[in-house]
Amino acid sequence: MPIKLPSFRQRRDAYPSDLWTQCPTCQEMLFNKQLDKALRVCSNCGHHFRLSAAARLSLLLDQDTFEERDSGLQSLDPLGFVDLKAYPDRVAAAQANTGLRDAAVWGFGAIGGRPIAICVMDFSFMGGSMGSVVGEKVARSAEAALARRIPLLIVSASGGARMQEGTLSLMQLVKTVAATERLRQAGIPLISLMSDPTTGGVFASFAALGDVNLAEPNALIGFAGARVSAGTIQGELPEGFQRSEFLFNHGFVDRVIHRSDLRDELIKLVGLLAPVQLADAGADNGSIAAFRPLSFLSALADRVIPESDEVVRG
Amino acid sequence: MVERLINRAGRKGSGADSAAGPLDPADPTAAVWARVQLARNLRRPRTLELLALIADDFVELHGDRYFGDDPAIVAGLARIDGRRVVVVGQQKGAETDENIRRNFGMPHPEGYRKAIRVMELGERLGLPIVTFVDVPGAHPGADSEERGIAESIAKSIALMTRLRTPIVTVITGEGGSGGALAIAVGDVVLALENAVYSVISPEGCASILWRTPDQAPAAALAMRMTAADQLQLGVVDEVIPEPREGAHTDHPATAATIKTAIIRHLAVLERKPLDDLIEARYRRYRALGAFTTLDVEPVIIPDRPGFTDRLRNLLGGSTRATNGVGPNPTRPYDEPPAREEV
Amino acid sequence: MVERLINRAGRKGSGADSAAGPLDPADPTAAVWARVQLARNLRRPRTLELLALIADDFVELHGDRYFGDDPAIVAGLARIDGRRVVVVGQQKGAETDENIRRNFGMPHPEGYRKAIRVMELGERLGLPIVTFVDVPGAHPGADSEERGIAESIAKSIALMTRLRTPIVTVITGEGGSGGALAIAVGDVVLALENAVYSVISPEGCASILWRTPDQAPAAALAMRMTAADQLQLGVVDEVIPEPREGAHTDHPATAATIKTAIIRHLAVLERKPLDDLIEARYRRYRALGAFTTLDVEPVIIPDRPGFTDRLRNLLGGSTRATNGVGPNPTRPYDEPPAREEV
Amino acid sequence: MPIKLPSFRQRRDAYPSDLWTQCPTCQEMLFNKQLDKALRVCSNCGHHFRLSAAARLSLLLDQDTFEERDSGLQSLDPLGFVDLKAYPDRVAAAQANTGLRDAAVWGFGAIGGRPIAICVMDFSFMGGSMGSVVGEKVARSAEAALARRIPLLIVSASGGARMQEGTLSLMQLVKTVAATERLRQAGIPLISLMSDPTTGGVFASFAALGDVNLAEPNALIGFAGARVSAGTIQGELPEGFQRSEFLFNHGFVDRVIHRSDLRDELIKLVGLLAPVQLADAGADNGSIAAFRPLSFLSALADRVIPESDEVVRG
């Protein structure tokens, strides 16, 4: 049994209507407004639909606390890569389709009143693949979290490294892990939240190395892709192979958390992982002012994160 | 799988023969593909063959201290030119039986955990680390996934970014994505002339982006996976020339050149203060990547449900344009997700 | 095995009932054995029951990052009296089904490796560590041996000797040899009044030294395994009194006393500079042991082939008295080797 | 199939003659002089007979380089332990039978001209069980190796912790590991050589934690003893369960080495693990002079270990 490959074509066929969405797991027709209110979890079978970066941020963070950073990072075409289509055209199409500049967004925010750095991937942008821009954003989020001594939350949703940037994409595994390791070695917590899917080079780098690894239910989490596994594995795959619960049973995920509990769990977890940092966060506020939120997400970021002392009070 | 890989090995052999002929500059695709075959040639020297020619002393260490010992990765203590070092490298077998025993050089998690253990020993003892990289990719099987192949690769990469001892990496054959990178994070990364290094196998890349593995040569060219290309990209610091028709035609000469290069670089690295060494290593990888920073204007959004609309909708507003929400676009969408081993 | 342990659990239950009666000081063996039964009482509060009563917040962390997650060991982050701590403890099940799921509180290597991972996290975050010890012993099965139960215990002990953060250990029930010690290396070691701590189970000790498990009560007395005895020996630093007929009769009162003791000791330990803390921990264990140093005269050797003769013989001299060489004496020899889990 | 328990009674029955020894593995009758010359390895099947501490030292170290330390350590009876026999009587009997004061001997020596600290256990003394004296000797050997910055070689041969000293024996696991950890953290190599048997608390402490773990062929190495395993394990045990090769296959032993290769391998290994230490070893020589070798093993120790500069030359 080869792994079911996430595929947009299939998804597209699965959504005949603007008003109703069919659950790919239980085939139930779901009224979209209800589905959105249920945080895009199937009310019938609990299937967790994928979330856009913006939706994920609004789901997890204290309202209006997100302040994006480095929204201007734009990938280049270091290899002059052309397959059936030129890489720059693929990027342009993805930008037009998603309104994102690349597959990751990072910035500062607050959760339960505590400041954190957060980096969120978006699978709808070229399968959430990690190229130079995604790698750079993850690394910068880790370096910023270290500078402010605040926890870093990375929400993964990715098929792996971006082939079109060749080994430069592969090098992002080192770049990101080098940065998150500095964070961890300094005693600043890294929380890795794996959503569907978290595979290949993303799982084989920062996503697997959280001080705490969380996963949404039934998310596809693994190293080798369907084609590889299908071609190499004899016979049946184990029950639930490469799904969140499988990873939990094998010791690589601390907790599998239903989306409706996610924010509360994170608030509790951040509270236990991180002391309230006064000096550091405060000292750094000058540099915050230097930035201006500029992307679409600025709609979410019209307030700066709370001053540290407010954090203590709140 | 075994049968499949033996066939593949067979093809490698023939590929190598054909590659013995001159490469046609007029046909870059063929030229690159010939190099890929050379890199995969079963008669290329692997870690143990190289050590036999390079090291005065070698004691192999076995076992990951958790689950088993992986024959696809060799690790141990060696003396090279009077200098004590820790060596880690992948190991394919030259003959079919040995190759099967070595799992075609494709490590399981145990292999990378053994590498981690021995590299940590090297750090404690203050010994520099030398790694030899030649791997089609980490083993992609179910057992490998069960025991956390991705986690073991990530942990090995993480360790190498912070090891407080010099690291010299030599890509000697196939630099197969994450399975290679796991032991290829160095202060200096060298590559043999006919070695290749790629984010995914050309066959895998072709089957995803070209929808057929037959386009592997085209994918190999597009990924610029040769040692020379990697040098240009800055992923590799120095290319080590190979003798005659390739490393497989003259092991001693190959080993001698590699030995000289390793010693030369270790001598330089050992003079650096450790803090500078680690910082330089961090900077080396921190700098790899190709992007620009635009003076940020919102990207023009086509005339269809806007992002903020969608967001408002998600937060409980109107039901229009749900098709646009998050990852479920109804619009045509032709990027296949990059689902592959790194 | 399961059936066997359920029966044993049954006996424990009844044992506890009988123990509810007063202990007869005139019969020390019976008194000690009653305590052993109390320590094993299935209704005693375990790590999770205690945390529910002691902690304001608790998030359990799962998995060893190598092989699996062991339900016999609980680990996580907790807030106790406003103080953030890392908690690690064994977990038996109160009901039979749960007890089977928890493997009767007997950890596999995964359990100790999870403990190691979470304790290392605690050290990185600068959080003190609290452990709750209650285990018949590490799981002695073949799978446990295959994955290195001894190595995992040794590594956990090793980590705890050098963790740069305060550690408070509470023996709450059965302190079963190495399986207990693996998470019981502390700056302060507390024990509940009816807890026991031993190098081997009384049944195991009896079956080896008395040649029958029926002598378990005698072995229990001989090993001086009660909390009070351990306090005298210096293995335990403080005994925490239990309510009424024992901890199982009043969980809240038990938890309250434990909480007070933990907070009191953490407050003291947290004021110590880390270097002093580690050195004091080293000295604590360095001092445990009972020996004397004789002004050395060779021990009188009986009139039979002497040691040096035997040595000469071993080095190739005469063949006489080979019977004396090394470990193959022909003389009567009645010490059974202490082959047992620690 | 329960594990075969090492037992002296059985061994005694196995040696009917003073001149011949029957191999417990292949039943071959071996002429003792030949057996000794073969380092007590069966010429027929390769069975490795156990070695006394003295034989082990003479096998491994450069000739006449052993200098014993702490030979006067004598166990007490902290629990007043009496089973079928009083603990002090068992100790006295073992001393009379073996000529050893307890189950371990430690001191300084040289191997391939390089100074090392070495601690050797002797199974013939109460099954090599670890009580306060053994634990103290292991700890002192580690502390001395750290002070001189020379490698430590520990040769294990033990059934585990000594029951007659109760939890004080158990505490020796911590004492020994605390000392060997300080050694390893300081970058001084610890070599653990496991001979038949290495089980229980000895395997669950320093023996398992060598920077390099070596084992003699077919040595019994494991945690739980025969009685425990037999009582708890369902059905057949795996092939070669708890033997050196089994431990090797499961990743816990680096090398399984035939006794005839042992010294050469160790010379090579020590040479690769340890730089020649001039300053430290030299600085410490004063304290060497303070000692006088006093036990039976003094016969092996009538020379002091080479001066460091001699080590360099030789």
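For clarity, chains are labelled A, B, C and D in written order, and residue numbers in each chain start from 1.
The rule we apply is simple: contacts are C-beta pairs under 8 Å (C-beta built on N, C-alpha and C of every residue); 3 or more make two chains touch, one makes a residue touch a chain.
This one's a predicted model, so the numbers in the text were calculated from it and none came from an experiment.
Enquirer: Any chains in contact with both subunit C and subunit D?
Expert: B
Enquirer: Please check whether dropping subunit C from consideration leaves the other chains as one piece, and if not, give the groups.
Expert: one piece
Enquirer: Considering A-C alongside A-B, which chain pair is linked by more C-beta pairs in contact?
Expert: Between A-C and A-B, contacts are more numerous in A-B.
Enquirer: Can you work out the whole-Å distance between the CA centroids of subunit A and subunit B?
Expert: Computed from C-alpha means, the inter-chain centre distance equals 25 Å.
Enquirer: In angstrom, rounded to a whole number, how far apart do the mean CA points of subunit A and subunit D lie?
Expert: Centres of subunit A and subunit D (C-alpha means) sit 53 Å apart.
Enquirer: Report the inter-centroid distance (CA atoms only) between subunit B and subunit C in whole Å.
Expert: It comes to 45 Å between the two C-alpha centres.
Enquirer: Can you list every residue of subunit C that touches 2 or more other chains, as numbers and ranges?
Expert: In subunit C, 65-67, 147-148, 151 touch at least two other chains.
Enquirer: Going by the touch rule set out above, which residues of subunit A reach two or more other chains?
Expert: 185, 250-252
Enquirer: In graph terms, with chains as vertices and touches as edges, which category applies: line, ring, star, complete, or other?
Expert: other
Enquirer: Any two chains that touch count here, so list every such pair.
Expert: A-B, A-C, B-C, B-D, C-D
Enquirer: For the complex, give me every residue of subunit A touching subunit C.
Expert: Of all residues in subunit A, those touching subunit C are 184-185, 187, 189, 211-213, 248-255, 265, 268-269, 271-273, 275.
Enquirer: With touch defined as at the start, can you tell me which subunit C residues reach subunit A in the complex?
Expert: The contact residues of subunit C facing subunit A are 57, 59-69, 77-79, 84, 110, 114, 121, 124-126.
Enquirer: Write out the stretch or stretches of subunit B touching subunit C in their complex.
Expert: Residues 65-67, 109, 113, 147-148, 151.
Enquirer: Write out the stretch or stretches of subunit B touching subunit A in their complex.
Expert: Residues of subunit B touching subunit A: 1, 4, 137-138, 140-142, 144-151, 153-155, 157-158, 161-162, 175, 177-178, 181, 185, 197-200, 204-205, 207-211, 218-219, 222-225, 230, 233, 235, 281-282, 285-286, 288-302, 306-308, 310-311, 313-316, 319-323, 325-342.
Enquirer: Going by the contact rule set out above, which residues of subunit A touch subunit B in the complex?
Expert: 5-9, 11-12, 15, 18-19, 21, 31-33, 35-37, 40, 49-52, 54-55, 58, 70-79, 81-85, 90, 93-97, 99-101, 122-124, 126-129, 131-133, 135-136, 139, 157, 159-163, 165-175, 177-182, 185, 197, 199-201, 203-209, 222-229, 231-234, 237-238, 241-242, 246, 250-252, 294-296, 299-300
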